[in-house]
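The letters A, B and C name the chains in turn, as written, and every chain counts its residues from 1.
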Amino acid sequence: MNNTHIQVKNLNAYYGKQHALKDINIEIPKNQITVIMGPSGCGKTTLLKTFNRFFELNENVNLTGEVLVDGENIYDPNVDVTEVRKVVGLLAQRPTPLPMSIYDNIAYGMRIHQMKKDRAAYKKSVRHYLEIAGLWEEVHKRMHDPATSLSIGQQQRLCLARGLAVEPEIILGDEPTSALDPISSQNIESRLLELKKDYTIVIVTHTLRQAKRLADHVIYMYLGEVAEAGPAHEVFTNPKHERTKQYLEGLF
Amino acid sequence: MSDIQLNNTLKTEGRLSRPSTPSRARTDRAAQRTFFIITLVPVALILIVAVALVVRAYPILNSYNLSDLLLGETWRPNNGEFGFRPFILGTLWVTTVGVLLAVPPCLLVSVYLAEYAHNRTRTIAKPILDVLAAIPPVVYGVWGLLSIVPFVDDVLAPLSERWFGSVSIFSVTQPTGFGILAGGIVLAVMISPLIISVIFEVLSTVPNDLRHASLAVGATKWQTIRTVVLPQVLPGIVAAIVLGASRALGETIAVLMVVGNVPNIPTSVFDTAYPLPALIANNYGEMMSIPLYDAALLGAALVLLVVILIFNILSTLVLQRFLRRS
Amino acid sequence: MKFQKKHFERRHIVELVIKTIMRLALFIVAGTLGLILWTIISRGLPSLSWEMVSQVPKGGYYMGKDGGILNAIIGSAYLATGGTLLAMILSVPIALYLKAYLGKSRWGDYVRLSLDVLWGIPSIVYGAFGFALMVLLGMRASLLAGIIVLALVELPIMTRAMDEVIRRMPSDLEHAALALGSTKFEVAINIITRQMLPGIITAILLAFGRGIGDAASVLFTAGYTDRIPTSLMNPTASLPLAVFFQLGSPYPEVRERGYAAALILTIAVLLVSFGSRWLAARLNRYTIK
């Protein structure tokens, strides 16, 4: 399938002895928003974090199987994990501005990867990504203020811009709006809908309504397994799995 | 939460929070009062120590200029000459060398333990640091005497003569191995466990979210540490080093055993020195026999106390701010 | 293959180099401990004998070539035990008060700050302070004076170590007891002490270990003698000073006593350190985690 961006093959993940992901096999389509849903503790976030190799930041974890991005297994021993994370960006649950200025936050990743040649080029890119994140108007007069002086909603858009600045192909979102107020949430959601023409987006969410607003493709997880996966309209209108049906009806 | 607890304390006298039996309430009130008085002890003790030293050192502070005492170069108690300068400089030299030697490895080890090491490595490293911290100063002194002094004499001094012979602070000035360098090496080992564990604690206050934010855009671990973690905790690291320095300033027996104890003005790390604590420890026996001698020695203790108090209070305040944040 | 590792990229080389240097530094620190222990053991072990630990020095500790260091062993045991007990009398209530009554209040912070500052005061200053007091009171160097000054040295160490453990105790338990109508005093006595017993014992042993090894504070205050003290007012020998004085002797036989004392002191400190770790692990089974 030409349209697949991420392919997960026989993926099993363990926290110590706890079997957190059980034999996952899924495909995530390119330039669409894929939403991972399921009750809490079902392994949604764990699955998401195997896509940028954040899972291994925990101590005492183990993982078998493959995650292929554009056909390349990111768990191959010869893979450079920082290159993976450059291609697969992450928008965290809570906004985490780095303890530096607004400008430096956006330039951070680009500098890490030495992506630009001179000051002017950095400046231009910072502006570009702030515009994409819809933050330029609000912050362009105070680029050198600490990023923590922004509101929570602005901070999350800053984090989005910071992630985009290293030119990823995939954006992961770990309940990226759960810490935000409704208006900021809506702002982020509309950014994501705009961005999907250029990026593949994978979002974990615990709110069904958000899933319905965003999803092109749905993965429904239950107890560490993928219970159901498919195009959003199919899963939402005609769930095959009993658990999905109950979840959609709001039984748990 | 703090406010609620404080209020409870104040309200103990109120009706609602009075316990069911009067005798229990009385016990509680009595206990609270006793406890409170006991917590005054540490606060008061600092003042008492300082006041006692000031009182005992008063005769010499009264009969000499403070600047003559601190800057005077001659130490001849029999002639009534009490110049602390060689001792103060000796203390500074030994402490500086010790801190300079300790800081690089301490930084590396604490960053490694906090940022890179597996839990397994940490559980091995902790008892090692604990034991290093528990070894008595006099044992460090014996080790210095048996290993470091010969090492300085046989290895470091010839090396330095060959490579840095023309640099005055590295010139070999006397042939024994006793001296500032030996004292500095012993001190560096002695203050390392403290510096390492404090920096480790400070590093653990940095929220993981920040590290993840940096890793998520593809930074390496070291890039993350250098650009995100370390700038966050820089004041804490400085405070840890200052704390280590204040420990080094007051270290007595171990330094005394390897530093040579000659009251000269040092110009090279191979010089002997005579730090303040060593001066006090070596002469307590005769201090009552010469006029003003005891006042001079307790004055030396006072100088030490004042400098250490300043270092200590500053670093502790910075560290309290850091560690409370977590 | 866009994810392929580029081994020669600068930042990957830096990462590798830094990590290697860090491991090396850790290895040096651990190795230094090994060197210290090796030096002390290899030099002290040959001097260790039954005579050494069962006799007092004969003909003076500085000149006499026969006898052992029993005076210092007993003296240190008395000094450190006495100092630790005396420090406990103040330390336990302060730590309990900090948790049960003060919590995270302002006064609590001041008390902690002053304890930290006291911890930082070098023992030579405590020694000089003790000496100044003794002169004032017309006291002579004695076991009692040594015990008092050691208690001052140990107090902040013990209290802060206890406070660190007690502070980590979840407040839920305390609040549960308060909700049942316990007074704060009852909470302190019944709940905190029981829950935190392992931590309290570890803190006491930590301070004991520090007390037994401290030389500079007893130098002025406890004196030094060949005899085993029979009263609190007698002067007494101690292990650290046995090392310090006897190593300065011109006679090799006397110096042997110094090395033996250093070894015994090291063993004692190691035993206390590992003993407290073991005890804490054992006692931990009886508390709610």
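The rule we apply is simple: a contact is a pair of C-beta atoms (placed from the backbone, for glycine too) under 8 Å apart; a residue touches a chain by one contact, two chains touch by 3 or more.
Computed from a predicted structure; not experimentally measured.
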By mean Cα position, the chain sitting nearest the middle: B
Chain of greatest Cα-centre distance to chain C: A
Inter-chain centre distance, chain A versus chain C - centres from mean C-alpha coordinates, in Å: 52
Centroid distance [mean C-alpha coordinates] between chain C and chain B, Å: 16
Approximate Å spacing (C-alpha centroids) for the pair chain A, chain B: 48
Shared interface positions of chain B, touching two or more other chains: 220, 223
Numbers and ranges of chain C residues touching at least 2 other chains: 11-12
Contacts with 2+ other chains: residues of chain A: 82-84, 112
Residues of chain C defined as touching chain B within the complex: 11-12, 14-15, 18-19, 21-23, 25-26, 28-30, 32-33, 35-36, 39-40, 43, 90, 93-94, 96-98, 101-105, 107, 109-118, 120-129, 131-133, 135-136, 152, 155-156, 159, 171, 181-186, 188, 206, 209-210, 212-216, 219-220, 240-241, 243-244, 247, 258-259, 262, 265-266, 269-270, 272-274, 277
Complex interface listing, chain B residues touching chain A: 118-119, 209-210, 212-220, 223, 227-228, 231-232
Chain B - residues contacting chain C, complex: 1-2, 5-6, 8-9, 12, 19-20, 24-25, 27-28, 31-32, 34-36, 38-39, 41-43, 45-46, 49, 52-53, 55-56, 104-105, 108-109, 111-113, 116, 121, 125, 127-132, 134-143, 145-147, 189, 192, 196, 220-223, 243, 246-247, 249-253, 257, 277, 280-281, 284, 288, 294, 297-298, 301, 304-305, 308-309, 311-313, 316-317, 320
Chain A to chain B touching residues, read off their complex: 52, 54, 57, 59-60, 82-86, 89-90, 92, 94, 96-100, 108-109, 112-113, 159, 162-163, 165-166
Partner chain C, residues of chain A touching it in the complex: 69-70, 72, 74, 76, 78-80, 82-84, 87, 112
